[in-house]
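Chain IDs A, B, C and D follow the sequence of writing; residue 1 opens each chain.
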Amino acid sequence: MSTRYFGARVTRNEDPALLTGRGLFVDDVRLRGVAHAAVLRSPHANARLLSIDVRQARALRGVLAVYVHADLGTLGDPLPKLIPHPALVHHKTQSALAKDRVRYVGEPVAFVVAESRYIAEDACDRIAVEYDPLPAVASLEAAVGPDAPRVHDDVEGNVCAHYTQRVGDVDAAFARAPHRFRERFVIDRGAASPMETRGVAASWDAGAARLEVWDSTQAPIPIRNGLAQLLGLPEQHVRVVAPDVGGGFGPKVMMFYPEEILVPFAAMRLGRPVKWIEDRREHFVATNQEREQIHDAEIAVDGDGRILGVRTVFLHDAGAYIPYGLIVPIVASTTLPGPYRIPNYHCEFRAVFTNKTMVSPYRGAGRPQGVFVMERLLDRAARELGVDRTEIRRRNLIQPHEFPYDVGLIYQDNAPLRYDSGDYPRCLDRALELIDYAGWPARQRAARAEGRALGCGVACYVEGTGIGPYEGARVTVEPSGQVFVATGVGTQGQGHLTAFAQIAADALGVSPRRVTVHTGDTGMFGWGTGTFASRGATVAGNAVALAAAAVREKTRLVAATLLEAPPEEIELGDGDVFVRGVPARAVTLGEVARAANPLRFAMPREWEGPGLEAIRYFAPPQGAFSNGVHACVVEVDAETGALTVLRYVVVHDCGRVINPSILDGQIRGGVAQGLGGAFYEKLAYDDQAQPLSTTFMDYLLPTAAEVPPVEIGHVETPSPLNPLGIKGAGEAGVIPVIAVIAQAVEDALDPLRLHITEAPLSPNRLRQLIVEARRSP
Amino acid sequence: MAVRKIALRINGKTYTGRAEPRKLLSDFIREDCGLTGTHVGCEHGVCGACTILLDGEAVRSCLLFAVQAEGADLATVEGLADGDRLHPIQQAYQDHHALQCGFCTPGFLMTTLALLRDTPHLTETDIREALAGNLCRCTGYQHIVAAVAAAAAALASGAHPDAYPPFARRVGDSVDPARKERKRNAANDRRTTGAASTRRPRRT
Amino acid sequence: MKPAAFEYHAPRTVDEALALLDAHGDEAKVLAGGQSLVPMMNMRLARPGVVVDINRLPALDYLTLDGGALRIGALCRQRAVERSALTAEHCPLLRDAVRLIGHLQIRNRGTVVGSIAHADPAAEMTAALTILGGEVTATGPGGERTIDADELFVSYLTTSLDPRELITEARFPVLPAGAGWSWTEIARRHGDFALVGVGVVLSVRAGVVADARIALTGVGPTPVRATHAERALAGAAPGDALWEQAAEAVRAEVEPDDDIHASAAYRRHVAGVLTGRALAEAHGRAREAA
Amino acid sequence: MKLEGTQTLPATVETVWKSINDPETLRRCTPGLKELSETGPDAYAATLTVGIAAVKGTYKGTLTLSEKQPTTHLKIILEGTGGPGFMKGEGIVDLEPQGEGTLVKWTGDVQVGGLMAGVGQRMLGGVGKMLIGQFFKCLEQHLGTDA
């Protein structure tokens, strides 16, 4: 396959529409006679729901319907339990509308449909709800504390799962280890906060019994299948479209959010299209969040800093229900070992209910927490043993000849955790070169002489990507010569419409501009899983490659009849199909497509059907493991606790790269989100689990003035697990940021021997740590 | 619910509609005028996705009621391109991969249009501070800053005389932004005295 | 997050506006820039029954220099004050403070007078008016009256205005000749409300501090005039030791609150740090008086 | 949200004790208290409109007095639900004679929920202190005239 576009910085096919206001996000979908919905949500974090009086709301002019739990019938049952796990003994999920108990501020209580969103919100103000407030539990410690209030009455100590994985003999390793260092790490809750909040619209054609749903989801096919089952409709009569989605980052892959049931339900009941668009304040309570964990971790090393064993026992905040299984704690546990040889490893967690919004993966999905624990333990060991922090990492890195490297754990896809390929030492060296680590001590001294506290940080990570089960793709060439690709994953800005076009373009010898890619529309392609865990490009990309290769072979087969030459001598290039070496004997790709669909005479059997079209699926045996190293230089104002990131470097290995510009964008966007979680973004709650930061004025997303330029260096170690040799990269930018910032801040205030074991920091918190460190020399 | 007749111009074209005084301008543009290019990200004046030009000034359309825009001249993202020919700012955004999901992009484009019209020559720090009122969650801003710098160069070259259509100019403003820049007082000191956290990133 | 319904009026004269305020009292809210009021209405935190939109009163959109003070009309946008040659030349402290209000889009619509009437103790304009010894003209049923900054700000979002009064103008005295100035603040992000903001005006004569005025935001229910620190500076020899002494005086004087972004202890400490830095910067800019 | 403060009042502890137990004083001095009707011993149904500037919320709920140790100690619990969410305040008031007057030491734990908590957090502490301050200032004026 002559590769011309694979690996090129092709500008994006999706840009012209998005740049000219012709994007189509859920709220932009035009539905004639659409009614607007609003959700009444609980103001209490834990309360019995005694009564709901909706009469005044229903009486308001312009209100079409007000639904409560009793109106939902079987749709009011607890929502589906995703990804069950034997250790998850209390797999609790909420109902679309609360029946008799609310367990987090924001839990849906009533659903109002009206002529406008304004009137729907007026109606919510007129619904009288009688609650019997109960004591609520906000923090993890409180949740597992003695006589803690119970989120679910039948769940003792609020623990819904307890799961351990082990490698080697940890107790023996710790017993004989010359050095052991123990730490307690606290990582706070964060919200992905895509610029587009969630949205669902639905229209029901009663005559044809067909349902169309527009949903800002990252996984339209599972939503289609789930809705068909719940509503008793054939899957063929339900179409779910994820149009342009304004950023996903994890929380938009969920089955189901209550509104994904309530909107279709209302549309079917009223016989009118219904649209619900989440507002920003709602988003802070109604869309899943993640990150909150407390680790009690320990590392055992020998005199040279070689790791003998690592152990962590942690609490994972699950929120009020746990619809999404144990994905995040399992990913945290299995990402912790990172690029290091850890002969003896024990990871044990308890998933704990709290009276807060549910938890499901947010970009990184537990990896930032795991990497924070590992890198911080290594920094502690380096400081105690007086070993250089990059040297202690180098000594423990898995070497290139050791791949595939079996870590000895079970990964989130239930497959053995086996790193397929990588060159970890080269990434570390490249990063140290870019940040000029060799010259760092001198630069730091010079800055200190000017009274400036500068610090450097370095952190390594491995990222599991491209997990199964599968994705599929259909590639079609039309008589116009235009190529069409359809696949089931959703797109939220990752540039699939360009990257997949590049893959198909190379196979069929056309320009990517001549390839139209459709994603996220179950009407166009009905098989697939969804976009998450950095798997879009790896799994769907390879399916596109397989389908495009099949169409290439079909094209040569059909063209052979037109050009009277054996298929093996037929080539494709620049939109033409020609005999190798005789470019004049050529036909256009479109002509072959037309010939492939004869109106008369017999169609050769070996064509196996008409048209230049093929569907292929790609089911990776296991995940592909990218890796990388981040390094940064920060300046700390010790008097005000303010932090400025002066330089940020990422060296990244995700195998072969389809489009370097798109990859750079994914990394730089990830770093910005990581910086948010390191110094700006904190979801604050009071001790009764009342959320205190439900606007962008209090939950602080970094702006262009806070995010530094990110310098990027690539290393390419192809993956042996898929034809294109690619690995995922969607989460690489965010994973080690809290770890590298912590190390850099400690380095900046080195004389104080600061001890950072939490994230995020803030000027206020950093100042407290400095005062405490100065007080206890 | 006193409904009022509202007439205004968007991208040079007149639109009329009827709306309650409480109807936000962002909703009026999207629902009553059918221009869905302007997006709504927060409705409390922070994210900037709803930024449009009102009589030439970059404003948050979610913090204005439609009745306030009666008789005004609005500019939205739909008015930038000339048929299939992208505006130099839009072209720079594509060339520099300055957008991913595209939800915040219209707000950034309108902010950039007013910014480059008023201050054609900008340092990177000026650009970053001027864009601090537009949040983006996908790009990490670097490519957007590069696109704005590239657009500034393209526009300063004078190769695009039609870069600022009438509906994108401030009332009573002249056509040539560079001439206005010279007219404005030079004493407008670029450096602000912000403390540490507003200090500029410096190379070491 | 859509606002609750309200009765909307867009008077064409100041008298018409005043008549509306008189008729509706504290049920009515004045809408100028709306950059603070409308977010609260969208969140249904504020539900005024009547909104009096004064944006159709062009007579109130002016910025002039008169009698040693900048006269800023109720409809003069913050961005206009930020970019005006008058502000840069006669009151650079005001320019430096205005420039840090929110973002471009906010300052294009927000008004200086509106920010003062809103009286958010973390907002730059309240301190700027206080430190420059400014005043406002309030017009109401009882006619016009002048209110000094010290009597205007009562508490959080609360001024001594009667609900039926409209601030038609704010006056910011120009900096004394040769005075040095500084506006220094720390905010979590560019454009956020300052955790702490400090404004300083410093005059030096015959090698000693002739006059020093210090005002802070974010450390109390209103902007705080650091009178003890000012007294410590008067007549003393400028230099780092003096700035540290003033910083300590400020730390003793302020009564900050906790919130999720910063503790009272942090704000107290940083108030001192920023005061020291602001005094040093102001001293650097002060020209020995003739 | 923990609040605390002290206040001196120009009246004996006995007079101060009598006034803060008297519904009439509570009606006059509690900022925004619209209705207060006795529903039982030391228990009242209350309607409170609390807020500052454009931000107002009307809360309907209960006010109860307990842990009564005449002239020295008292606990006030105020609960209400309304437009912008709900509010629960627990106040402890301790009285000590101080010369001619009385030294009042009060601590408060105010829990605010719903809209007000999620958005108004930045000012809640300050506003809470301000409203309690207004209560004591009114009490001071009221006691100043009667004593």
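Note that in this section a contact is a pair of C-beta atoms (placed from the backbone, for glycine too) under 8 Å apart; a residue touches a chain by one contact, two chains touch by 3 or more.
Predicted model only: the values in this text are computed from it and were never measured.
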Applying the document's contact definition, name the chain pair with more C-beta pairs in contact, A-D or A-B. A-B
Whole-angstrom distance, CA centroid of subunit A to CA centroid of subunit D, is 48
Gap in Å, rounded to a whole number, between the CA centres of subunit B and subunit A: 30
Please report how many Å separate the Cα centroid of subunit A from that of subunit C, as a whole number. 44
Using CA atom averages as chain centres, what separation in Å is found between subunit B and subunit C? 27
Sequence positions of subunit D contacting 2 or more other chains: 83, 115, 119, 121-122
For subunit C, write out the residues touching at least two other chains, lowest number first. 1-5, 43-44, 186, 188-191, 193, 260-261, 274
In subunit A, the residues touching two or more other chains are 118, 125, 279-281, 640, 642, 684, 692-693, 695, 697-698, 703, 705, 763
Inter-chain touch pairs (all): A-B, A-C, A-D, B-C, C-D
Write out the stretch or stretches of subunit C touching subunit B in their complex. 1-8, 10, 31, 34-35, 38-39, 42-43, 51, 53, 55, 77, 79, 83, 85, 88-89, 92, 95-96, 99-100, 102-106, 108-109, 182-191, 274, 277, 281
Counting only contacts in the complex, subunit A reaches subunit D at residues 43-45, 105, 125, 131, 133, 281, 284-285, 684, 686, 688, 690-695, 697-698
Could you list, by residue number, the parts of subunit D that touch subunit A in their complex? 1, 81, 83, 85-86, 111-115, 117-119, 121-122
Residue ranges of subunit A in contact with subunit C within the complex: 117-118, 121-122, 125, 279-282, 639-642, 680, 682, 684, 692-693, 695, 697-698, 700, 702-703, 705-706, 762-764, 767-768
Which positions of subunit D touch subunit C when the two form their complex? 52-56, 83-84, 115-116, 119-123, 125-127, 129-130
